[in-house]
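Next up: the structures, one after another.
You will see chain A twice below: alongside chain B first, and alongside chain C after that.
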Partner chain A sequence: MKLIYKPSPNYRSPQSTSGIMKDLTYCLIAVTIFSSLYYTMAFGSNLGLRVVLMMITSVASALATEAIWCKVTKQEVIKGVLTSYGWVTAMILTLMSSIKVSYYALAVSTVIALVFGKLVFGGFGQNIFNPAAFGEAILMNTFAGSNRTDILTSATPAAAMKSYGWMTTGDTFSTMMTSKGFGSLGQMFVGWYPSAIGSTSALLILLCLAYLVYRKDIDWQASVFYIGTVFVLSLVIGLLHGQGIWYPIFQVLAGGVLFGGVFMLTDPVTSPVTILGRIVFAVGAACFTLIFRLRSNMPDGVLYSILLMNMLTPAIDKMLEGSQIKDIAKLKKRAIIAIACMALVTIGVGAIAKTQSAASTGNPASVNEFAAAIPESTISWEGTDYE
Partner chain B sequence: MPIITGRMFQHLDGHKDLTNHTDVLTIKDPDVLYIPLMNGNAPCNPLVKVGDEVKVGTKIAERNDHFYLPLFSPVSGTVTGIEKRMTTAMKMADHLRIENDHKNTEEQAFEPLDYESASNEELLNFVKNAGMLGLGGAGFPTYVKFLKPENVDLFIVNGVECEPYLTADYKNMLANMDLLKVGSLALLKLSQAKKGCISVKEDKKDLIAELQKTFAGTAIEVRPVPDIYPAGWERTLVYLLTKKRYDRLPIEAGCILNNASTAIALGNALVNGKPITRKYVTVSGDGVANPQNVIVPIGMPAHDVVTACGGYLSDECVICAGGPMMGTAVPNDTFVIGPANNGLTIFVKKDEESVKCLRCGKCTESCPSGLQPVRINAAEKTKNIEALKNLDVASCIECGLCTYVCPSKLDVTEGIRRAKRYMALMAKKK
Partner chain C sequence: MSENNEKKGFFSEMIFNNPVFGLYLGICSTLAITTSLNNAIGMGVAVIVVLVLSNIAVSLIAPLTPDEIHIPVYIVIIATLVTLVGMLMQAYTPELFSALGAFIDLIVVNCIILGRAEAYACKNGVAASARDGLMMGLSYTFSLLAMSLIRQLLGTGILSFSNPMSGNEIFSIRLIPQGFEIPVFKTQTGAFLTFAVLAAAVAAIKLNSEAKEKAKALEAAKAKKKEAAKA
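Moving on, here comes the complex of A and B:
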């Protein structure tokens, strides 16, 4: 008879980190299936199959990278790979990419994402940047030239909107939606349009959010505050320019706001540990997203907004260090000041944005002509909606 | 503000049905008892010598520093020595060894008292001299709370018993409703509060019905609380009932709390003139043959209690003195049931694989003290004194919830204990 000492408590919740990752994997598989179906129906089974093959390529390179890393650093290989959760990074990276990305570029980016984005920091739990976002930044900036040119899909809503500097008249907007074949905002909500592979279906992504929150895998606060802030701030900015409700809705549906908000911003490793911190983090990311959309060269700001906020995570944690009961008034004040500053700057940036429309350029005879006049080649960032 | 801080509690599976419906077993008294001569961290001085005869109810020891607390013998027999034994806190302490003659010769420890006609001063002295102490786990002398009852709005009888597996208070309350009523009303009188309440978990429908019947027409109302952990902790319970937070003592929020078993013990003292010598103890968990509640004398070794419940189910077990959340796992079963011990939880040893912290923040959302355990653990690793100070480490009560919720299966609570020890060490060095 042997009685064993273990520090109390000797009672544990059934929830495990591997269980959380399993749930997340199910959600990402669901998004992949939807995407594969869309590309099959819209562009033929070749592209549908390509989605699956890209996913396999990326996941396989992730598993191989981590296995080799474990071998080299003398860790147990199978256990190491299974508790490093590299496949989640690979899946998110693939879903963020354009369908035009070559297998080669995707595989190399996956390896870079894992090695330089995660493993060199000490592996799972230690990394500063969201590894998938890090890998996607590498993919877009280093391998843009390796995109397959023989794959023809249409422009993405984010890239099309970018050509008007994310600020245009309602008329130009509706023309753009019809001429580019995006259809209505309702169609965008369902997700039946081309964009980054996994980021299209708002409906499906929101279902995933509901599932993950229900399973207590993630908090709802980060996602809801991110998406909510994008909506509210673009509503305000839109009102300053006399835009209708379509403007904030489009800001939320287009590009990677929903996918990033649900699958990347909620990455616990790279976000603050307190809920209050996560709210500041999410609002900050939303502000950066809008600023990048309105003022930068990138079609979408989601990716870099997340990477920037990842860098601020330790600072936010430090700012909100303290007791959540005794110091709550102080912590709340700090958070509110931070949020207010970021929101004001964003609204300010939005206020000075110029409304660009087909008419305002003065040249093209018809709006349609203008929209059609955007050569496909200028939309070389097409799948790089996440930028 | 659960939206910005998390809920600061968790619902846990209590496994209470293991022992809820089985009968309470009165175990045959052991041949030898070891009465711990400790109250909290303070020693108690023996009042008997080796060779003395004692009876049931003989005063055998007392704590006499800034607090006073007498201890009474649970059995009749002979004092045969003072031994050092390991306590549940895993420290060595003196225990009074009493050989039981199994005759149960009694002596009146003190006279019963009619609390209604007694003055508050008489009643307070009675509580003090009857050796009443917090039976919920703290073991704090009861009278101290009532020395200066100023501006008390609410007197609370705490029958929440939020530790998983434990049902001792529940069984005790069901069996001793009348004593509970007397004890609670006496404590209410001492507190000078206008109203009182008794709180139990809302899922215990049978108990709530009984309590409502018993306390009908008194100043004590039954106020069920949700089935969450740690609803039975003073601060959480006061917050659930009054929405008030306090800094040091519940009296700052106008509340005085006592455990339901303490109230029953006081009832027993007032009505029958009997001190605290026996305990309801829950023996439960997947490592014991017959999970059930038992009534045992104070000073009975845990080994004897487990044997009476059918013994261990595996060669490698963990035995917690108390519930699994706050009870210490003791590496041997020679420790005895003390006055504040209300459970033995026994588990078959399980291996757990832990993975790295993913910073999910579940510990931060659950912490009933509003702390940030993940940050404390990180600061402890780098011995960052500044951060540890900001993070208010001293407020941790080691309820264990941070370890419970950790999906990576890390020993979060243990990290905080290390941080507390480190802070204490640094404070000493200065």
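Moving on, here comes the complex of A and C:
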């Protein structure tokens, strides 16, 4: 018999934190390379290079911030920086941003995200909010004015869909997809369309999910339940309005659902401790995402849904407190009641949403005509998916 | 020697007994109005005037006031003074008045003023109360200035101050080039961030000096023990 002489907790998983972060970094690098290639092929090497430079800016400012923080708080600099994993935050932040964000805004947001989102709480493992989501909220809310206006890219699918309130007829939808140059849903699955830098390729992100789950870096439940809930609930909402299967598929592919679900929702620090808790957490985030999409004035709701659920994490942990073996039936009942309530509210919100088509509202129609009249490359960015 | 003591007292009152960063009083107005130097100085002066006059009035009236109704009496005094100051500002500095908005009237419920009346002025003489009011008002203004300096500089990149009477600009310097300002500091989020950092700094200074004092006291005790052992 093998005895373990370590004090608890004794890890069941052979994977260490540094190993997890290493795998996560590989995945993020893969996503970066893909989007750099996309921007090079679609808009020229300037923008492809810009993706790489933005990544370098953000990571460099993250490393510098953490080094200075360690120096000021009298910790070992190299060890402190290597065990704080600031570069992961910086990479996720960059991949969530739009290509139009200026280098300066990105660097400042990274610094604010790390200092006020993570380091003041006591560093890695102590933060309440996902630092990357925190930084992105700062970036979206306060640096909108400093976006580079000379970089011309067309509207994102999420922003385009927002002009119809995320609820439109199939005909209007297919006109929108072709007129704005997003192509088919298949093209969106591969990721060959403009959006936030890293959130486009569903295929690549799902491969990353498979890799991370295979390496036991993350639990599959949070991501799968998040994406699945978005799909199922929007399928129900779509059926209530007589939409086809394109509606839930578009809800999952557009915006940051996949990227947020795989790279941000699975952050072990800011999500509940138990698997059951993580499922409730993921379903709640999915419900908030759909409610924000349908009812708020933001193009996409992924970012704020994650931040909100981060805030509710202690409450979820409290709700599911107790013996995970003896009380599991009771805890499961509680979780199911919570999930059912959230799903019902979301379906209710979806049911009262009005279907907007080009014919019923004057404004989007004129936008479409306008879009058709001018060359595609000169349509300016209408907002970022995560805002 | 005595001058040295006085200086140290002034500094310690500004930092250690700072109503905003040390005692966390009057934070609401601090967060709301510190977007520019003009606002900070205008608000600071209004609070100093109200605080000094209310402290004087309270110290005079305190011996005559029955205990049961002392808070309503103080509130009436403070409200009268605030209304006076507000009307004067509306007459002579209309721009500042409109910039500060409701926060002039809200000086009535600013915890610093009632707090000083309750904690100090009702137990002390007129001169001491007036001095206390001035010191508290000055350190409140000092906190407002510190916050608004940081917020205006980082948020807009420009440091400017204009004559509140005429609206003429006295000075305006751009220290951060256009496009490099951090607009978050113009918003309430920035106010909270600035406040948190400054309050943390004050707490750190306090802790540091307390630790030093403790170390000194320990050394003194050791020296005494040694002497006792020798004896």
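Quick note on the criterion: the second predicted complex is superposed on the first by the 352 of 387 C-alpha atoms of A that agree within 3 Å, B and C clash if a C-alpha of one lies under 4 Å from a C-alpha of the other, contacts with A are read in each partner's own complex, and residues count from 1 in each chain.
In this text, contacts are C-beta pairs under 8 Å (C-beta built on N, C-alpha and C of every residue); 3 or more make two chains touch, one makes a residue touch a chain.
The structure presented is a predicted model; accordingly, all values stated were derived computationally and were not measured.
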item	value
Chain B versus chain C as contact partner of A:V108, first or second or both or neither	second
Chain B versus chain C as contact partner of A:D317, first or second or both or neither	first
Contacts of A:F143 with chain B and chain C, given as first, second, both or neither	second
Which of chain B and chain C A:D219 touches, first, second, both or neither	first
Touched partner set for A:S16, first chain B, second chain C, both or neither	first
Superposition-derived comparison: chain B or chain C, residues of chain A touched	B
Chain B versus chain C as contact partner of A:F116, first or second or both or neither	second
Shared contact residues on chain A - chain B and chain C	none
Chain B residues touching chain A - in the complex, by the definition given at the top	1, 3-6, 8, 10, 12, 164, 245, 247, 312, 315-320, 323-333, 345, 347, 349, 352-353, 355-361, 364-365, 367, 369-372, 374-375, 387, 390-392, 395, 398, 400-401, 403-409, 411, 413-414, 417
Sites on chain A touched by chain C in the complex	102, 104, 108, 112, 116, 120, 138, 141-143, 145-146
Of chain C, residues touching chain A in the complex	179-180, 182-184, 187, 189, 193, 196
Contact set on chain A toward chain B in their complex	1-13, 15-20, 79, 83, 123-126, 219, 221, 268-269, 271-276, 278-279, 317, 321-328, 332, 335
